[in-house]
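Presented below are the structures under discussion, each in the form of structure tokens.
What follows is subunit A paired twice: with subunit B in the first complex and subunit C in the second.
Presenting the complex of A and B:
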């Protein structure tokens, strides 16, 4: 999924999140960590999942809570990284 | 294990088991007595490429698959859990740096770690913070324009000989990790004294007193030490511990089979006693299950499967648990021979207890796995 658009990314992330959190679909701006929906084990799994699914590489420069806290921010990160990866 | 591996994996494992066995097969008891590994053992691991085996080739590592990495730990664990732990703690620090380091750190630190010219250790535990690392007090703070590190880490595996330490600290309440060299004037290490197991793992208390840390030696970003870097390191560690426990279980079983093969009691071969048959059967079937779980976990890692973390947890939990049970049974079956301090059964018995504490205690893993099983069930996966 190297060229997914924003809606596709959000859906893929929500589907993935649903595997870890069966308490219902989160709001796109809901803080996943503060709300207790996911734990630290999930955070590294999420990194691996995003890297595999969208063929991007997440590095230390992406370690910013702004990038991971909500579904919308994850989508922003993936879009930004995809643009970098493809040279767009 | 041949039935679970490719021909190349089988050959790699066979060769490594032989090399480790020839070089150090009889060394473990002496290492335990000395409370550390001799320098030539560390050098041998470097010369064999074991320190860098699992690191990506772009960093000068061997780029080994998870299966091959696991087989390496199995081969080392057969001989000594302490020996396997030397490579493991180095790998935990190096793998974390490989993933979350900066280009500058990769250029300055990784070549030495990949070649095994420098040995790394990872400093997490404190006297008041074990399973709950959010309670750590070691502090990275700014003083007169410089970063200084203060705190005391305990039970640091190979802390007595490591050249480089990856230290978990907190800065203004946010978790962070940084690199500290052995020659930092503020760093001192002392032995933890006599311990139950992993006696040759040179466990150390690491005192950090006003250690000046260059800003470029901070690894990751503030706030991500506990949520990203530590879980990353621990995942590598759990994978390694599962496989080294498999090697220990295999060698304990071999020692038992050798004994049962030669021993008679009450006018019968030992194997003709029903209670021995029960013990052997439980040991043999658990060993087979342990192999299956370890290989499945490593294949999941190599396939980048979404359930890789859960499979690693499952393998670590199961193999360490059955190792503890069967190492105790091995001592029981071997009787007077089993209680000899230098024997393989006694050593595995001591070390097995430690493996159920490090890289996530049995209870911590239960906290993580139970919800995963529940979730899998609710999704129709069980």
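Presenting the complex of A and C:
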């Protein structure tokens, strides 16, 4: 699913999140860790999921919990990485 | 990494979930590690898991040093030979929560390790004094209950056996300090403080799912949202490994003879069908794909 648009990315992330958090759809700017929807270990799973699903490579410098804290920021990261990842 | 810290080598026996995270904790903090497991394929998998822990640890806990993955792997020896532990200043044992397995291992460790090298028992419930009695170095045997994942935790529960020396306790406190951890010292009784209590509520949470049909996420949400816990009991049980949780409950039941520790049937059946939690990708929750071994 390389080069998905923002709407698609958000929907995929929300669907993935829904497997772990059954308490309803979060706000796109809601801090998923602070609100207790998922714990920070979830971010590690999310990294693998994003890499596989969107065929992107997340690098060490991207590994900041803040990049994974809200749905919007995850979408920002995927879009930025999709733009820089070639051959996907 | 300073010369002095590079010279310090710790042995880690058992490359399961907790053993691996303990090994990663030491490597992240500049130690060399000799990681021993009887299973070659398990060790092979450990390289990836150690790499990921070293990579992701500092994201989850920003105070952790960032160690390049190549350096972490270069500082770790992966081996099936217990003899490789002879150069270690201290050994942390993390094998399965079974008296028979641990007992045999302690006799072997005692034969392989030079006199004075201490052994930290990373156990959920097995008596430190009983294991120490299998060795000729009882004063150097101490319980160190690392929580999973070790590199994200600020403290460990220390179980002092009847014969554990002050010197051993002091040495372990020094090692923990190098990991940025503090110690809470408790006595040597089945389950200690942590698991005697936590496994009761894991078990009770499982019964609520089994008997009342409440969704796991709902049970956990009560703990997270109402009590402010970072993780709910079922998520925590999945993280520990449901096989370990069941073995610990069995051990507590045998030790205290109290019905309250009887393992829930749902937990038993999940263990039988290999729904062991994070490590098999499926427990009370589904997890990302398990890395092929």
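Throughout what follows, the second predicted complex is superposed on the first by the 83 of 88 C-alpha atoms of A that agree within 3 Å, B and C clash if a C-alpha of one lies under 4 Å from a C-alpha of the other, contacts with A are read in each partner's own complex, and residues count from 1 in each chain.
We take it that contacts are C-beta pairs under 8 Å (C-beta built on N, C-alpha and C of every residue); 3 or more make two chains touch, one makes a residue touch a chain.
Just so it is clear, the model here is predicted, and its values are computed rather than measured.
Trainee: For A:60, select first, second, both or neither according to whether it touches subunit B, subunit C, the two together, or no partner.
Mentor: A:60 sits against subunit B and subunit C alike.
Trainee: Is A:45 touching anything from subunit B or subunit C once the two structures are fitted on A? First, second, both or neither.
Mentor: both
Trainee: In the overlaid three-chain picture, which partner chain does A:19 touch, first (subunit B) or second (subunit C), both, or neither?
Mentor: After superposition on chain A, A:19 lies in contact with both partners, subunit B and subunit C.
Trainee: Taking the two structures together, which residues of subunit A meet both subunit B and subunit C?
Mentor: Residues 19-20, 22, 39-41, 43-45, 47-49, 52, 60, 63-65, which sit in both footprints.
Trainee: Residue numbers of subunit C touching subunit A in their complex, please.
Mentor: 52, 55-56, 58-60, 62, 66, 149, 215, 217-218, 221, 224-225, 230-231, 235, 239, 285-289
Trainee: Going by the contact rule set out above, which residues of subunit A touch subunit B in the complex?
Mentor: 16, 19-20, 22, 33, 39-41, 43-45, 47-49, 52, 59-60, 63-65
Trainee: Would you tell me which residues of subunit A are touching subunit C in their complex?
Mentor: 19-23, 36, 39-41, 43-45, 47-49, 52, 60, 63-65
Trainee: Can you list the residues on subunit B that touch subunit A in the complex?
Mentor: Those in contact with subunit A are residues 100-102, 219-221, 223-224, 226-228, 230-232, 235, 304, 306, 308-309, 368, 375, 378-379.
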